[in-house]
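Following are the structures in question.
In the two assemblies presented below, chain A is common to both, partnered first by chain B and then by chain C.
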Partner chain A sequence: MEVLEAIRGRRSIRKYKPQPIPDEVVEKILEAGRWAPSGGNIQPWIFIVVRDRATLEMIRKVSPGYLGTAPLAIVVCSDKQRAFQVGGRLGRDYMTIADCAMAVQNMLLAAYALGLGTCVVKSFSPIAVREILEIPDGIEPELIVVVGYPDERPVVPHRFSIEEITYLDKYGNKFVRKGP
Partner chain B sequence: MQEEQRTEAEERLFDILVFLATSARGCIDEPPLYGPFRLVDALSRLIDVYGHVPGLKKDPFLTEIKAEIDGKKFLVMSDPEGFKRFLDELVRKFTVELKRRSGQRS
Partner chain C sequence: MEVLEAIRGRRSIRKYKPQPIPDEVVEKILEAGRWAPSGGNIQPWIFIVVRDRATLEMIRKVSPGYLGTAPLAIVVCSDKQRAFQVGGRLGRDYMTIADCAMAVQNMLLAAYALGLGTCVVKSFSPIAVREILEIPDGIEPELIVVVGYPDERPVVPHRFSIEEITYLDKYGNKFVRKGP
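Moving on to the complex of A and B:
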């Protein structure tokens, strides 16, 4: 699948089929995450693949924004301690979030290309997720990626037009397309 | 260790309590509109309990309300004005039903 097609076609899915996801497919998604760029190439991410039914259920129950049940979730964590050692405060407080977001977007696109649906979830209780997954201090759960075969085709949500979000050469200068 | 025995109703209610507790904490940092979203989602989850608890039989009015909530709650992300209109309509429907149950005609 073309990257541009995946970027355009991917949607947040909140209704999934129960069908399990083969290991080699999960691995491809993780591989996509692993190849994301990161500030200073710190690669602060740690992926916790959750497919045990009881654990998944607990994670869902402590995550008000986790809507719909899916056979898999990837909890994307950042190693704050290592990020601080290598990248200082900027590394710990900003880069880790940006880096994990890059990895997550890669995973969303890879999953879509593999016929899967995903939803990023930030509305979860970090305290509860930490407790359930026994995540040690210094490691922060940043985002949950819910993964499963989609059982819905959501309406395409609004996006601002290029003109609404883009300036040319300086702030406030209308972006005009050059003719062919 | 002996497994604790819980009824389905107890389990369902406990899950809703966990949802409410995590939502309460989440709402401190989340966008203001997520508060109403969580409440209406809680409504849908509570309606689900009807029919699973002895003494709480399935209620056609609430079943319809639940279907409407589940169909429209995601407007919060795509169309906040539409979400607000949906909540207004929800309140209106509840009020009409309240009046009917109180023995008055709307």
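Moving on to the complex of A and C:
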């Protein structure tokens, strides 16, 4: 699938088929994640692939925004301790979030290109997720990516136009589209 | 260009040709950015396209990590005030960073698919960038995306393998690849 087609076509999916995801497909999604850029190439991400049904259910119970019963979730964590050692406070407090989000976006696009649906969840209890997944101190669960075969075709949600969100050379100076 | 090919092939570029970027190409990159997902569909991003040579130079001078003389930079800002109104503290302090990073990743991939090179810069002085671009209070410059035609082919930097960064069902439980 073409890059721009994937970027425009991807939707957040909240209803999934129970159908399991083959291992080689899961690996392609992880592969996409690990090729994201990161500040100072620190690659702060750690992926916890959750396939165990009971574990998925426990996570879902502590994540209000986690809808549907997808067969897989990837809990994207960051190594805050290593990020601090390499990148100081900016590394630990900012770049871990941005880097993991970029890895997540790669995974969403790869999953979509492979026929899968995804949804990013942040509304989880970090304390509960740490306990369920036995995540040690220094490692932080950043975002959960729910993955499964979609059982809905959501309408395209509202998007601001380029003109509404873009300025030229300084804030407030309208960017006028010249393209077709 | 295929999604997975773009994800794996993209490199951070630090040496650019002076060649300007056609408007319709810039618009395709912005288009990719605006299709990123965002928490509660808030779309907190504001893009400031900087093409003015003097402005680019000023930004470069206050951004230690900003290398090369690319003809374009996109300063990705977030609307912290709106994010707080809609999403509270998590919306303002976390999701703005993650959402803007996802929009940035889309732009990096689109630019690469269009034959362009990019580099994400965070090592800038936010105070100086605010002043140069006349960014008002409540709006925060998050990341700068430098864009231009590449004048180098960087070697592929080290990447952790899937096995090194992935666990199954709980932290510490090795994920064993089964794929080819």
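In this section, the second predicted complex is superposed on the first by the 177 of 180 C-alpha atoms of A that agree within 3 Å, B and C clash if a C-alpha of one lies under 4 Å from a C-alpha of the other, contacts with A are read in each partner's own complex, and residues count from 1 in each chain.
As a working rule, a residue touches a chain if its C-beta (ideal position, glycine included) is under 8 Å from a C-beta of that chain, and two chains touch if they have at least 3 such contacts.
This one's a predicted model, so the numbers in the text were calculated from it and none came from an experiment.
Once the two complexes are laid over each other on the shared chain, residue contacts for A:Lys61 go to chain B alone; chain C is not touched. When both complexes are overlaid on chain A, the residue A:Met102 reaches chain C alone and has no touch with chain B. Annotation for chain A, partner touching more residues between chain B and chain C: C. Contacts of A:Arg14 after superposition: chain B is touched, whereas chain C is not reached.
Contacts of A:Ser125 after superposition: chain B is touched, whereas chain C is not reached. Of the two partner chains placed by superposition, A:Arg82 touches none, neither chain B nor chain C.
Applying the stated contact rule after C-alpha superposition, one finds that A:Arg92 touches neither chain B nor chain C.
Applying the stated contact rule after C-alpha superposition, one finds that A:His158 touches each of chain B and chain C. Legend: residue contacts after superposition of the two complexes on their common chain; A:Thr166 is shown touching chain C, with no touch to chain B. Comparing the two complexes, residues 123, 157-158 of chain A contact chain B in one case and chain C in the other.
Taken in their complex, chain A has these residues touching chain B: 14, 61-65, 67, 123-125, 127-128, 154-155, 157-158. Within the complex, the chain C residues that touch chain A are 1-4, 6-8, 10, 12, 23-24, 27-28, 30-32, 34-37, 39, 41, 43, 45-52, 55, 77, 90, 94-95, 97-102, 104-106, 108-110, 112-113, 120, 122-123, 132-136, 139, 142-143, 157-162, 165-172, 175, 177-180. In the complex of the two chains, the chain B residues touching chain A come out as 15, 18-19, 22-23, 25-26, 30, 34, 38, 41, 74, 77-79.
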